[in-house]
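Chain nomenclature is as follows: A, B, C and D, assigned in order of appearance, with residue numbering initiated at 1 for each chain independently.
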Amino acid sequence: MMTAVILIHCVDQPGIVARVTEFIHSNRGNVLSLEQHVDRDAGRFFMRLKWDLDRFMIPREKIGEYFQTLIAAPYGMTFDLYFSGQKPRMAVFVSKMSHCLYDILSRWESGDWQVEIPLIVSNHTDMQPIAERFGIPFRHFPVSKENKVEQEAGQLKLLRRESIDLIVLARYMQVLSADFLKHYPHRVINIHHSFLPAFAGAKPYHAAYERGVKIIGATCHYVTEELDAGPIIEQDVIRVSHKDSPDAFARKGKDLEKIVLARGVFLHIQRKLLVYDNRTVVFG
Amino acid sequence: MMTAVILIHCVDQPGIVARVTEFIHSNRGNVLSLEQHVDRDAGRFFMRLKWDLDRFMIPREKIGEYFQTLIAAPYGMTFDLYFSGQKPRMAVFVSKMSHCLYDILSRWESGDWQVEIPLIVSNHTDMQPIAERFGIPFRHFPVSKENKVEQEAGQLKLLRRESIDLIVLARYMQVLSADFLKHYPHRVINIHHSFLPAFAGAKPYHAAYERGVKIIGATCHYVTEELDAGPIIEQDVIRVSHKDSPDAFARKGKDLEKIVLARGVFLHIQRKLLVYDNRTVVFG
Amino acid sequence: MMTAVILIHCVDQPGIVARVTEFIHSNRGNVLSLEQHVDRDAGRFFMRLKWDLDRFMIPREKIGEYFQTLIAAPYGMTFDLYFSGQKPRMAVFVSKMSHCLYDILSRWESGDWQVEIPLIVSNHTDMQPIAERFGIPFRHFPVSKENKVEQEAGQLKLLRRESIDLIVLARYMQVLSADFLKHYPHRVINIHHSFLPAFAGAKPYHAAYERGVKIIGATCHYVTEELDAGPIIEQDVIRVSHKDSPDAFARKGKDLEKIVLARGVFLHIQRKLLVYDNRTVVFG
Amino acid sequence: MMTAVILIHCVDQPGIVARVTEFIHSNRGNVLSLEQHVDRDAGRFFMRLKWDLDRFMIPREKIGEYFQTLIAAPYGMTFDLYFSGQKPRMAVFVSKMSHCLYDILSRWESGDWQVEIPLIVSNHTDMQPIAERFGIPFRHFPVSKENKVEQEAGQLKLLRRESIDLIVLARYMQVLSADFLKHYPHRVINIHHSFLPAFAGAKPYHAAYERGVKIIGATCHYVTEELDAGPIIEQDVIRVSHKDSPDAFARKGKDLEKIVLARGVFLHIQRKLLVYDNRTVVFG
């Protein structure tokens, strides 16, 4: 079955659901799932709708145009439209740690994730052998204060050439510049090894140990210009005790990091995420 | 704001969402939230829709009739309709333990739950002083093998007189007969002190201890004729260790029991539960 | 069975466990449980030991003196000694919310907690009827900027008269002064409604909502001079979603608050907590 | 620092801790951590003790003999003795799914686990390429009803030749015979994809879906003759909803399986597990 997913947000106003579902129905689409949410304080309307395209009368390549003209324009909507079969093209950025990388590649290889991974980028060469084992091109961009602008330019060129539409920072220990991020708004997903906003920045496990917390966390978020302050996609925690050293925090945390990152990326791949006002709407 | 909630299920067929939302919209209702789900294997459609009644053109007492005639009948729907301001009338059944009872009464007294509690029923008198402190009528029905039929008849008479529409078994240690349950289909909520289906029946904490599990659970479910086999509403777990005796299991479990029961009852009160094929659909 | 619990910490040095257990054994005590931990970085030794007093040859009232002379002094130990049957005398401080108070009183009334609660203190009178229902003296100390010093003096006088050795702040919305706290070092337990160190200070649920977190938490900690920065005893979290308003955060959070506070207080009552360097050692 | 770990269990009796710690201390060992537990109902004593060997006066190869003669024999103890630097030799058994295998190999390759993995065994060849990428010998034993006895004999021969002391069943879909297990008592670790004892046997995700549970789990346990009934090492759960199909249960479950299996194996590797009466004592 071919399906389409549409994500919509706009100012709340009467009749939106009726109008959109009537559009689907009258053109012989069948709604497979619909989830709608109104943020009353902000007066905003959010919706995700998935429908069966098999007998839909509007050709796939024309749906966006028709929807824009007939519905989005009059209601002042912002929308994103996706079709089953379109696999996101994902680049993985890594530094020296392998746990998130193996986790991602294992999901991709087994077919659990409908994505293409044409590129692994790193500021080090440690992960090159892993990339090679999976047959994925590995590109080394050693980044320093001096060459950062130029290296990011090189990365962007490569990303464009490979038609990358999603960047996953799998414990990539470099801060991306605001200029770089402009090219991938809400398209760069990071895993931070703390339950944000606690312990933003460097060495969160040490900071957590010093504070004597009883739970540690990991946070998957879209990267924005402000460090560790982008829209949160997913978080989870695990218990620690006074017996755990900062090293034990880090070891336990690795399991969290890879699972929380994977959940966040999977939500993105399934087109279940919508960003508004630096927060995410996560459709179920 | 006056609001209405409608819960719908029927055989899946095209155009339902469009038809229902058009009904709301054309009569000047505004959809506040909508969640729809199709069980593809079973070919069933489920929906919960909440709308603003303030300018709705059909009088409240006529909405059910109109909906039945115009929509439910042609589509073969089953539906339930609720209005804000209608507080469920809830009876609490208890035996000798107070933790769930205090938890429920505390939520009711603070106004966190929009319910009326006109009645507490018990097979013992231990909880009578607590009922009295909260000013709630307490009725003692000592149940034995011999008098069970007659006592249940007395309970039913009382429940009818008090117009009870929801019964909460807050660690009530008696099995209700199939005859009794017929009067309250999916209207009796129980808390069982294990993660069902593990450890159904008596003494689950001892059984869990014997098996050496590392987590114990609690399960909130609708009561049906078959013991501990009704539709599950909510479950949660807590860690235990080899250091915990069966008594420690029971002590830790009490916290789970009251919280899981409260979550289940709250979902029911918010009209977020739909039962189909001995399972619950829990709208978010 | 009469039992004793000893909590020990000191600089790590060889032979401590052997020396202490030999002291117990040679005086006809039987070790019931022992947990020992060395913080290697800090070079500190921590131990909790519980033993059977029934045939112990040193009279109860002399054990502390003998232990001090024979063992604690030569090893430079700090220790606390407790006996079964000694119930801590606990004062509960509240403001206007009842959920933690009911939870505490319900545990006390059912005998789950071996404590005495001779006193409830509040800056408001809202909780007075609840105190009265449980037959516990309620004392009203309305606190303002102007009268704070004097009111705290009055509270301290009362606490001393009632021989209170543990103060539980059950959502008490006042900051206690450093002077007050000096009288109850590591004897004042608070529940803060966030996973500290995130969202310290006022209105944590609103701050969490604004940040768009996917989990909210509660933190039970000993109160120290610095606001929300004392040694953490226990923490836990619960999931929230974009559908949850700040009010829903607060409602969900109430369940966390009471359970996390209760776990923390219970650890204290069981003499399982040791504070060192603003962190807690929590024996299992 | 060279260290030793001893795990002890025996009938509870006075003076054990004193005697053992005196043995360590008087021979110039320093206790690094000690955890002791008495099961009062069973009258059993359990202890794990780790000590610093650097200045220990008894040569490593003689410690077992001395301990047996001087302490274990008089007290009727069962004990196991391990030394740092001795890496367990672990064989991984797999069928067709890669998620647990990648997870294990990734931990091993990064040095997070102090083990050797000289062998991967499978009843299929699907995982052979993964084994080869990691440079680990892969042996194919296709098992059928007819050849099971003979294939197990071949496996045992190979395991002995490779001096394997731990077998990890990483979603190995074959039942091992009682005869096979006799050679590896409490040395075969399995992951079962349910929270045992619920949904033992085949197709637990489908059974969980049919029952309509709200949480699914995974259980890591030692394999014994009775299917899915061995001593439980570790369990964890994850939430599911009515929206999740059995396939979604399986997908979510895969994350649980690999993490729970890894935690269980790591506890074994750290020598923190003791089995008694079909239950595990898990030292912290």
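What we mean here is this: contacts are C-beta pairs under 8 Å (C-beta built on N, C-alpha and C of every residue); 3 or more make two chains touch, one makes a residue touch a chain.
These figures come from a predicted structure and were not determined experimentally.
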Pair joined by more contacting C-beta pairs (B-C or C-D): C-D
Equivalent interface positions on chain A and chain D, same or different at half: same
For chain C paired with chain D, centre-to-centre distance based on mean C-alpha positions, whole Å: 37
Contacts with 2+ other chains: residues of chain C: 33, 37, 241, 243, 284
Touching residues on chain B, where the partner in the complex is chain A: 14-18, 21-22, 24-26, 28, 30-38, 284
Contact set on chain D toward chain A in their complex: 33, 97-99, 102-103, 105-107, 109-110, 112, 133, 241, 243, 251, 254-255, 259, 262, 284
Touching residues (chain side chain C, partner chain A) in the complex: 37, 39-41, 46, 195-199, 211-215, 217, 231-237, 241-243, 245, 278-282
